[in-house]
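In the two complexes that follow, subunit A is the common piece, with subunit B as its partner first and subunit C second.
Up next, the complex of A and B:
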């Protein structure tokens, strides 16, 4: 476990050195600028729009970090040939994969936490400007703690995307890994269609294949509860727990696959 | 050295842009009435997990389109994109209540204040009911479009009644239904409804609309009074007045009458018709029908 911790902390330090945390400044500036401009543009919907925009920005900034850093986690080490010195140390390959993964998850956690803090700060400012945290006509308070449910689901989604990127990073080039990761991200939001494929095709093998793909490909759309929390539609805790369990199991499968590929890989 | 070079280049770009804008103030002619995706279903699929934020963008675009088109004077196809934009907004975020409610007003308002398409306003609100059937506000707004824009008081009464059956609906909605059945397009009924909207709505834009509508109703009352004075002038002099000055000289008015916004009423010297001026913020006044006659 010491080796895992050591690698994870190094991944985090490296992303700080690579100025990944600069995106936080960009996020904060963007939210503040938009909050100033929105009042004139939205016919009284500025708090709702800031909520939507903040959650979408947390998701998209996180997606970029998870993808573009995730795809380089292994391939960069191979490219720089630093993998040889690393593997010559008493580090098992599965520890290397797990350490890399947890390092990027730590980077994402710090990012998401900081963006969420900035998000609530902007909402607090807007509530103060509007003259109250929960005005008549609003569906939910400006500083609604339920927004954290959406943030938690975004974070789980990013954890899955990171594991996908890491998996592709173990056997393909960065360009191909990026394309494959983003493709799976998109498929992950579309694959609910595969579930009901048997309603549109008559071929049983095709319907079976569609259903198999539906259950095996990552299903990311259930993690999107942004609209529900913004409109104060209740999101049951049980639903969130199912999503959490699904994410953890799926991530375990992806990391196992990444480890198997990495163990079998010959670096001579 | 480099800083100076960059400054010179940026300065040159600014000068060039200013020169271009002076020479071609309108730029090349482009069709701004373009919506690349019109299908709500398509946009919903391509938006992935960013539907709500895309809905907000389309909502802002709908507001800008509405505001921009209101200022136009030279286009026959005004507000052409309004319904498609509102349809996209509500497909992406089916619970965006303000988009349905304000959107319905933008669509149903008669020209030049809106698109003058009450049937599209009703279609938009019915879409809202399909998403959240227990929102009494949508039933109220459909009833209101039938009452205010289409003057179909039976249908208005039916929608108000259906709204009153929804949970958390206000008590006064049931009285609307009864009033519609009894009095139809009575001006006092309209005043009560707009006053209720003013008292119960939080949105600034909606409140301003309600205030304007109440002032328009006051202007209609004033016009009724001025018509009686005109008729009195006619009875005394045997001919229609040709100007306000003639009525003032006859001692029937102290000065040129002004509407609640302070703009003088117009008096058509040929027909004797009295109306609010085209320059008044209250222009045009709502059309009225005789109660019971749609």
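Up next, the complex of A and C:
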């Protein structure tokens, strides 16, 4: 685990040095600008809109980091041949994969935490300007701790996307890996439609294929609880735990596949 | 126990986009390197030197055969703890400083914080990186990167060190420093296995060499024992000699090339040592300008071997098509 820790810290350091954290500034500016504009335009809906928009922005910014850095985790090392000296050190290839993954998860965690802090700061400002934390018509307080449930689900989703990007980067080119990762992210949000596909088709092979795809492809839509938390619809803890278990199992499967491919790979 | 042993080590790469076909980069390499040796692995570009090194480091996997380092299979983590490797034209994380890179690698090697700091500082001194150690590697020249590469290769005080073209990209001073470093490693009892296509490097450093051409081992042994590099004749340059005087000795000379009015370059066969002729010419009043043994250069040898390989492959192809 020692090697994993060192590799993970190095990934985090690379993101910091490559100025990935600059996106946080962009996020904060965007959020403040939108809140200012909404304050001018809407009556009573501004907090709900900013809550929704803020969560969506955390997800999108996180998605870009997870995808674009995730696909570079392995492919950049191979392309630039830095992997030669790294793998000649006393480390196992599986430690390399795990270290790279955890390093990016750490980067994402810092990013998501900072974005959430900025998000709450903007909401606090709006509540202060409106003269209270809970006004009629808001459905939930401005500084609602339940928003953290949505943030946690976004983070789990990003952990899955990172694992997908890492898997693709072990065997395909960066461009293809990016396309495949983003495609799977989109597919993952519509995956639930495949579950009941047998009700609308008569062909048994098609229904079987749909079911197989449903269980194989990532199922990301259950992680989207933005609407519920914004409109104060309860999100049970059991639901969150089930999602967490699903994410961890799916990530383990992806990392296992990435490792199996990587430990057999020739670095020409 | 040899430091490095390979048996029938073979590597095929698949080439072609649509109809993939195997290309044999290394063909049945059997080799043994003793502990404490400086072993030169010579060959032209594309001979299979880097492929062999990558197989020994298990950066690629063999199609057939096996490789052992210090009695254990290549790629074993315990083996990697005892070896060092400098890749050809190394690239390192350019967002790190030299100090950070070595500290990172020292951490992966298993040194504690205090030991990491101590080792990194002394290694950077050893390879001659001073104040630049706190600069990001993206600002380093090729020669400086090579020094960092050498430092990381010997970071763990290795028993066996693999250097892939360690002199490439270095200026004459840098080359001399690397040569001295290799000699220091030998004094410490470290086995050095280095690849090169420069004969002079091998002559200056190696106890033994292996020569690879077209993926096949074509010779191995001490430089002086390798037939191709033995003396094949002599070139004698004499001055103050009149042409008619030379005619008397014409039968003992393979070829005469006039350089100036009274100066000639004389080529002598291997079996006729120059001592007697030289004595006779001096008795005629001639003056010795230079006397050099004629050898195959490594380049000549490579060309010859590559041509042979190409012929033998064509022959194999003809046999297969029959």
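Brief remarks follow.
The definition used in the following text is that the second predicted complex is superposed on the first by the 267 of 268 C-alpha atoms of A that agree within 3 Å, B and C clash if a C-alpha of one lies under 4 Å from a C-alpha of the other, contacts with A are read in each partner's own complex, and residues count from 1 in each chain.
As a convention for this text, a contact is a pair of C-beta atoms (placed from the backbone, for glycine too) under 8 Å apart; a residue touches a chain by one contact, two chains touch by 3 or more.
Note that the coordinates shown come from a computational prediction; the quantities given were computed from them, not determined experimentally.
Shared-chain residue A:183: touches no atom of subunit B or subunit C. Residue contacts after overlaying the shared chain place A:29 against neither subunit B nor subunit C. By the touch criterion stated above, A:264 is placed in contact with subunit C alone, subunit B being left untouched.
By the touch criterion defined above, A:91 reaches subunit C but does not reach subunit B. By the touch criterion defined above, A:245 reaches neither subunit B nor subunit C.
With both structures placed on the common chain, the touch criterion links A:14 to subunit C but leaves subunit B unconnected. In the superposed model, A:53 lies in contact with subunit B only, and not with subunit C. After overlaying the two complexes on the shared chain, residue contacts for A:80 are found with subunit C alone; subunit B is out of touch.
Taken together, the subunit C residues at the contact with subunit A in this complex read 13, 54, 57-61, 77-78, 80-81, 83-87, 89-93, 95-96, 104-105, 107-110, 149, 152-153. Residues 45, 48-53, 55-56, 59-60, 63-64, 93, 95, 97-98, 102, 201-205 of subunit B are the ones touching subunit A in the complex.
Residue ranges on subunit A touching subunit B, taken from their complex, read 41-45, 48-49, 52-53, 55-56, 59-60, 135-137, 139, 157, 186, 189-190, 220-221, 223-224, 226-227, 230-231, 233. Considering their complex, residues 2-3, 6-7, 10, 13-14, 17-18, 80-92, 264, 266-268 of subunit A touch subunit C.
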